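Common to both upcoming complexes is chain A, partnered first by chain B, then by chain C.
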Partner chain A sequence: MTITPPRPVAPAEQAAPPVTTLALAEARRYARHPLFLLAGSVLIVALGAGLVQREVVTVSALEGTVAPAFLIGVFGFVIAHRLTTSMHRTGDVVGTTPTTPLRRTAALCLACLVPATAGVVLLLIDVVFGAIWPPEPVPPGQTVAWFGDQPTVPMLAALVASIVLACLGGPLLGVAVARWAPFRGSALLGVVLLVVGCAYGDDLPGSWFAVLPWFNFSDSLVTDGIFRASWLRDGAIPVWTCVYYACLCGLAAVAALLRDAGDHRRTLLTTGAILAVGAVLAVTFSMS
Partner chain B sequence: MRWVVALRPARTVGVVALGALALLLVLWALVPDHVVPPFVVHLVALFLAVGPAYLMDDEALEVAQTAPRRRSLRLRVTVPVGFAACGVAWLLMLAVLSQASPDAPVGSLTWQVAGVAVGAWAASAVLSRRGVPCPGGVVAAVSVLVAFTELLIGPLRAVVETLTTAPSASWWPVVVVLAALVGVVSCRDVAAPRLSLTS
Partner chain C sequence: MTDVVLDRIGKHYGKDVALDEIDLTFGRGVTGLLGPNGAGKTTLLRIIATALAADTGTVRVLGQDPLTTRGRTAIRRRLGYLPQEAGFPRGFTVFRFIDYFAILKEWDDRDARHDEVRRVVDAVDLTDVATKRIQSLSGGQRRRVLLAQALLGRPGLLVLDEPTNGLDPAQRARLRDLLSTAGETSTLLVSTHQTDDVAALCERVVVLEHGRVLFDGSVSGLIATADGKVWMSGERSSLARNAWRTGSGLWRNVGAPPAGADLVAPTLEDAYLMLVGDRALAEVGSTS
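Let's turn to the complex of A and B:
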């Protein structure tokens, strides 16, 4: 009698949980991360201060979007990087789980909807409280970069781009960097390049600032340290910038997934090429 | 060979220092009028300052703590060399800044760099003592995020500017001294006798 040993089953061939299950687990990890809680706490304190002063949206409304973009987006870069590299730190354990690296990366990308949702909530808070207590220029009668004084669609596009897409793009970029460059210090380098690039590029000549992954959509009149008036900045069309940022988010996700694409490489490369062309066209239209 | 092992964590600090210096030079070359804005200088300086967070990284921490050759002896080489690398890089950056950003407040910036550098190292030392083998990555990233938050977010920025520009702003030296104390105490060997006020 011969005994046939059971065929070894690769972890990925076992009953693999659907990506949504993994994504939910990663989303919970993201939402409970201390950095996300810290960033959320700072924003809640700032919102509380605004409610007390009845001035949630100030004259420098769009300039204020740097807070959610940085606290959720750039912090999100580090959080997503940490969550992704945690797979390397626990490689022996992760390797035995019934799933593939591609599915885990996809789950991490889906978990980035947590900060994006936070961005949507912040956008709604801004819109609602901006309608209740509209920003008042000094002296009254000057323009403010807000609904009413500015066309609705560009204004909404500017808010979506500078809050929601920034909150989504930072974490997606964090996953991509961690998948491709998991070396020591890559999170630090990524944060510094992201922030310094945006801070430096804001002064680029002409419309070149529109190429940046984040920029301030408004110009302001400031005298004696007080914001007197503000308006939508020339040189970038908000709607096209919104499309450009959406393409960048998609490119970051595709780049992250490409690391372990396997049989899906061709599909991902095609998607990436379409998104890259879309990004170039969108930023060209935005600058024109 | 022992020296090479001891200097391994300092190598990361050297890479960060070189990176910060290179970034400043690139920005100086790219900026249209060859004057780097003080705000950007501040960001690059903070990048350099968080480098010493990597000085406590040790993949073999658990083994090292049980080795006959005490870890604290190795740190006596690693830490000074790492801070020396950071200091030399800052001096070179000051030389570049004299041309690239003449308006940068180098005095207060130097104290801030010292405070953040020693603070980041102390935080890493505390985590290392608590058994985290490579605390550098998380401490450096969190330190730079906190420092950038102070710079970027309005109300906090106002507080920091007040603290760093006022003539009586003597709190950075206090941060340096306190963080150094915490770091030195945390670098002691785990098996070393506890500090006691009574002998």
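Let's turn to the complex of A and C:
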């Protein structure tokens, strides 16, 4: 045991430092989480297998959205939940540091950019491979590029919504649930509700599926058990769905921050109200 | 210089009185808190460490009011707190865990932070296991990990709740060295059941029972209360408050001598047992 002479060390005596250092620490914890590494490994293996078989985007880039949304988005819900509640074990130790719960929540929300970045990478892979190996035209023989005969902007919006925003929204929702329901089992309950809700909600009549926090944009033609073609489904306008999902992501972050808002409560409530109105308008436009 | 001022502090848990309107002040140096289980030691330390608010009375810590957000943050910037019980989140190594808490304690500069983490890890003699996961450490080592985070930044106020729990004699001796050095520049409050730690470390001792202060004074002053009340003899005194056979085969009788006993110098433990025992007898007398 070494005893060093005392020195008057005191970090940041006045204003609190920016939250970036803590956010980076939380981002590192997120990136090293076994569940995130597992999800990444599965996706890399699947991608590798697809490359070998040249089936990455055989039909449409839209077919590749379920795996990232589930493995990064839904797993991300659990990871973010666990990261948020993990420090509860330390009891008073974490509670008696100068960093407020609000700042810790903000850092955790920023750490959700890690899965979002993974989502961006997966989106780019989808787009690049779609350019290199465009989908088979239906009927055969026609020239196709990028997303086959699908319009580029709606296709990109659909991919951003169902990959990138799903990868961001799941973890943000995990932080919010962990802040408001930090009991054991709330992560599992949240995942079940999220997955079952999205799966069963897909059969809602008319365009009502568009209110779900995630749905598959792809409509497909399967004959004799063989995948023939897929295209953007009717009933939801991808660009507005993109805006809707972005508002939901914002709402999840605001809900998480509201738990220990302190002096920022009014600002957060106002932001939440604006996002809620935005979400309602966006989903209405998407369904129309 | 007085760092902690408690004025008629009261705390209840339902009908149970944890602290009964006590007045205390603490300044630079090492103060030991003694008392039986449930005496109110941990509650008192948690209030001082801003982990708990008192029901009644006023608290000033390091010149700040812990009831205000600004005051609490200011206190926490100069506070090191080791709670009685705390767990650890999974996956952290010793270094990363303490580094995480250094970030929570607003150490923004990476190099300075890492230097400080290495310093406290070395101070608690954990350098050899710094890269090991905390789950693989012994109970004593885990206790020292928690102690290390409390020492970050050489806090002006160190609140340690049973710091020697789970430590072997050699580690306890090292800890005394560390704390006595820290006490030269900081206000140190140490709650413990180990009277020999208090005797070895503290200039002042406060004995609590049932949320009230039984004794507040110097260690030698407390020991002096047992002068002439401890005897060694070949037999047990039936009138003794406490008696036990020592390793030499002689009986140590605290409170009343058997015939032919030799008066010996009391220890802090003898004095503490006399004090707490007198109180218990007085209460039995008053209720019967």
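Methods note: the second predicted complex is superposed on the first by the 257 of 288 C-alpha atoms of A that agree within 3 Å, B and C clash if a C-alpha of one lies under 4 Å from a C-alpha of the other, contacts with A are read in each partner's own complex, and residues count from 1 in each chain.
Keep in mind that, in the parts below, a residue touches a chain if its C-beta (ideal position, glycine included) is under 8 Å from a C-beta of that chain, and two chains touch if they have at least 3 such contacts.
If you're wondering where the values come from, they're calculated on a predicted model, not measured in any experiment.
Within the superposed three-chain model, A:195 lies in touch with chain B and out of touch with chain C [touch as defined at top].
Using the contact criterion defined above for the overlaid structures, shared-chain residue A:132 touches neither chain B nor chain C, since it reaches no partner. In the overlay built on the shared chain, the residue A:203 is in contact with chain B alone; chain C does not reach it.
By the document's definition of touching, of the two partners only chain B reaches A:46; chain C does not.
In the superposed pair of complexes, A:74 makes contact with chain B only, with no contact to chain C. Touch criterion met: A:35 reaches chain B, while chain C stays clear of it. In the superposed model, C is the one of chain B and chain C that contacts more residues of chain A. By the document's definition of touching, of the two partners only chain B reaches A:185; chain C does not. Every residue of chain A that touches chain B in the complex is listed here, in rising order: 35, 42, 46, 49, 64, 66-67, 70-71, 74-75, 78, 81-82, 85, 184-185, 187-189, 191-192, 195-196, 199-200, 203, 205. Considering their complex, residues 1-4, 6-13, 16-18, 21-22, 25, 29, 32-34, 86-87, 89-100, 104, 262-263 of chain A touch chain C.
Contact residues on chain C toward chain A in their complex (touch as defined above): 46, 49-51, 69, 73, 76-79, 81-83, 85-91, 99-101, 103-108, 110, 116, 119, 122-125, 146, 149, 153-154, 174, 177-178, 181-182, 184-185. The touching residues of chain B, counted against chain A in their complex, run 12, 15-16, 19, 23, 27, 30-32, 37, 39-40, 43-44, 47, 50, 54, 57, 134, 136-138, 140-142, 144-145, 148-149, 152-155.
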